[in-house]
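Taking it in order: structure first as structure tokens, then the write-up.
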Amino acid sequence: MDFELTDEQELVRSTVREFAEAELAPVAGEIDRDHRFPEEVLPKMAGMNLMGMPYPEEYGGAGTDYVSYMIALEEVSRGCATTGVIMTAHTTLATFPIYKFGSQAQKDKYLSDMASGRRLGAFALTEPAAGTDAAAGTCTAIRKDNSYVLNGSKIFISNAPFAEIYIVFAKTDPDAQGTRGMSAFIVERDTPGFSVGEAEHKLGIRGSSTPPLYFTNCQVPADALLGQEGQGFKIAMQTLDGGRIGIGAQALGIAQAALDAAVAYAKERVQFGKPIASLQAIQWMIADMATSIDAARLLVYRAASNIDHGFPYSTEGAMAKLFASETATRVADRAIQIHGGYGYTESYPVERHYRDAKITELYEGTSEVQRMVIARAALR
Amino acid sequence: MKIVVAYKWTSDPEEATVGADGVVNWSRARPGISTYDPVAIEVARGLAAATSAELIGVTVGAKGVGTPLAAKAALSRGLDRAVIVEDDSLKGAGQAELAAVVAAVVRRIGDVDLVITGDSSVDVAAKMVPTVLAGELGWPAVAEVTDVTGQPGALRVGRAVPGGAQVLEISGPAVLATSADATTPHVPGMKDLLAAGKKPVEHVDLAALDVPASSAVMTITGRARPARKERKHQLLDTSDPAEAAAELVKALREVGAL
Amino acid sequence: MSVNAWIVVGDQPAIGNLITVARSLGGDGTIAAVVAGPRAVAETVAASGVDRVVWCGTPDGSPAEASAPAVAEAVAADPPRVVLGGRNPGDRVLLGAAAAALHAAVLTGARSVTVGADTVTVVNAVYGDISDETVEISGPVALLLDGGSVPAASGAGVPIEEVTATPYGVKVLETIPSEFEEVDLNAAQRVIGVGRGLKAKEDLSLIEALAAALKAEIACSRPVAEGLNWMGKDRYIGSSGARISPQLYLAVGISGQLQHMVGVTGAETIVAINSDPNAAVFAQTDYGLVGDLYELVAEITSVLK
């Protein structure tokens, strides 16, 4: 069992870290304070080939393995958690469905623009009454001649309205039982009848734009259907299987940033005549934080490696996301504790890491969903 | 046209620790491409693209400077190929010795029109390797170079001088040391990193090179930690900036700094 | 008489420190200088107290670097124990040419030099001055040092020996004066260093107000001087710039990296203002202020007025 990263993977880490420290970390605090979507960062991310890493070069991607993609996502998130979610929501949630389920015509039309980062994507599944119970969605897509008419609303859609391309899930057969009857569509931003609502103010990842979407008799051509009618739920779930590993990587980046800050602070903060890093209480906290992060990293990389080797990754991805997200919130909490009162102020970045960490336990499948997936596998 | 970029794979002293005995501990420092060398590679890349020249990276040093990772890190920045000399006898080698080995490599590559180097290395910061290298090759050297255009035989070189800048014309091969701000190097993208693994790397034995012998043998006979002024490390309370300012000025007046 | 030390000189004669070091080597040998610059420089050097001056002439429209072959030839014809050169770009090139011709060892951080019967011993500051190495060299040594100031005339001076050698094909096509006034940071008692914490060039006016109130000179760390072209390169402080020892050094928006701080370790009192409480600079200060430099600099300026 080889736990070493390849040279390419090591270079991905050091290069993306260099990029993140130069371009992302300097604006992370500001975009958080101002709730501002960092539009100016996207062309730079695209220039680094960071917006479609795992997709083949012939489709505009970088053709890297999934482990490299996770390493890059972790380093981006360590610099700025908001940029991390923009990256994964675009690369995995929005682009994977087209890559895996799109017709040749759809791939030709969208994939290159998306994998190269020229056009930004978004994934629209969640509805006000359908989160964990995704199949309970009430958005409809009724066939009418050579088009579908979409009606309904979506909520918490990352990257809207900056995204141009939306993967929208709606019921083509609203009366069908359970998870059947849902279909996936590719909807472009300026389609009449499709509008984006007010920005949502959140606890963390404040630079990430997550408004609601409204579809009012929004007509899309028949060839906007992605995959088959009734295949939508499967497309969503399979996409989220990979997406959750990405959230694991984002959580890793946040946790690592929090640990790095705590270590730096502990070495410098002098109380009772010595740095607090010399106190056992602090040392043990740091030991626990470092161990959890390392364990989380191994889970994330293992799940990613499974994708690279063609092994199943659904349960492994759920474990990675569950453990990494809970690690991130715990590590960020401890990081503030180590900072004492100063950690509660905006002068130090740890309060932002604390607020950013929480979302990783919630989106792309709450920890409860992950536990359902893992239990199902464990109880087989 | 053949352009050689001489780069260094080394660690940043910022990450090293020094014992009370003056011995430098590099164990926690991660080696990488010397901080200002990517500027040189970027300038060289621009000229190579404009003249359809081959861009060859050269590095010399102790074992470790030419690992696949180190070579790929350099190649990913835009080199076409790399030529590397790794030999532990070069551990602790001085600037003159390194320059002599680089000169031997340049001669071995043959028909090199131009050698470009960085301003200085992040660890030694001597600024002398390019100038001694030029002396060894019998070529002119120019430092603080900000831009290079033109063709071999008629290179136009912009460089900083005290009090301003100059544009020079150089009619033969030369060694140019770029200034640290000559350009902002691009960070290699993911595609560049993957492509680096496919570029040729040649390892040359030091013994196979014709390196002129040095007339001077250097032996380190002692080390010491330089005496540093003790600093107070006083952090002023800045919750009220006006008060902090008053407190600072008062303290400075008391110690006679104002 | 054998040459103890050669001093290579480019197009300006600020070599006072080199002469001092050469003299300190003792012994019976002579101190010779080779000049590759205008005749006026050769004349200043000839009157400075050295024992011999060789002048390479001024090949038409060429910079000092073009005369490197003549310099190397002169030095190699009478090989010394030590060859010395100053840190500016042209002189470095000449020193490198001489060092190559002699196959000499090169050291660039000499704190002291002693010439013995068989060896030269140098205490050499290394790796950003974090350690001092005592090095014994068994052959010729080339030392890159701070040139110092222009030496005063002392005595009648020595004759100037003119030599020629084919210069390199380097011509000056254009000279563009700097938009910035030159400054001598070493003469300043108080210096304010500016770093990346300053967001825009216009914000320099805030620093200028403080500098006026403090009667201080303004300097900067590398990214500002070189990367952003806000001030002349002679204001850059660090391992490849100026090293100063003022009464007071105030670091504003500077992170405190080794490469910069090595330039101010000799300051009597160091103060730093930075918004990052974990900035390395705070480990190297007498007084540190964590906060918004825009506020703090303005407050300090008003207290001083």
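Lettered A, B and C in written order, each chain numbered from 1.
By definition in this document, a contact is a pair of C-beta atoms (placed from the backbone, for glycine too) under 8 Å apart; a residue touches a chain by one contact, two chains touch by 3 or more.
On a predicted model such as this, the values are computed, not experimentally measured, just so you know.
Colleague: Quick one: name the chains whose C-beta contact count is the highest of any pair.
Modeller: After tallying contacts for each pair, the winner is B-C.
Colleague: Based on mean C-alpha positions, which chain is nearest the centroid of every protein C-alpha shown?
Modeller: Central chain: B.
Colleague: Taking each chain's centre as the mean of its CA atoms, how far is chain A from chain C in angstrom?
Modeller: Computed from C-alpha means, the inter-chain centre distance equals 52 Å.
Colleague: Need the CA-centroid distance for the pair chain B / chain C, whole Å please.
Modeller: Each chain reduced to its C-alpha mean, chain B and chain C end up 19 Å apart.
Colleague: Express in whole angstrom the distance between the two chain centres, defined as the mean CA positions of chain A and chain B.
Modeller: 39
Colleague: Name the residues of chain C that each touch 2 or more other chains.
Modeller: 282-283, 290
Colleague: So in the complex, the part of chain C that touches chain A is made up of which residues?
Modeller: 275, 277-278, 282-283, 290
Colleague: Spell out the part of chain C that touches chain B in their complex, as residue ranges.
Modeller: Within the complex, chain C touches chain B at residues 12, 63, 65-66, 68-69, 72, 87-90, 92-93, 95-108, 121, 125-142, 144, 168-178, 182, 190, 214, 222, 225-227, 229, 233-234, 239-240, 247-248, 257-259, 265-271, 280, 282-292, 295-296, 299-300, 302-304.
Colleague: Over in the complex, which chain B residues touch chain A? Could you list them?
Modeller: 32, 68-69, 72-73, 76, 186-194, 196-197
Colleague: Chain B touches which residues of chain A in the complex?
Modeller: 7-8, 10-12, 14-15, 18-19, 22, 47-50, 53, 57, 62-64, 68, 72
Colleague: Considering the complex alone, what residue numbers of chain A touch chain C?
Modeller: 261, 264-265, 268, 342, 347-348
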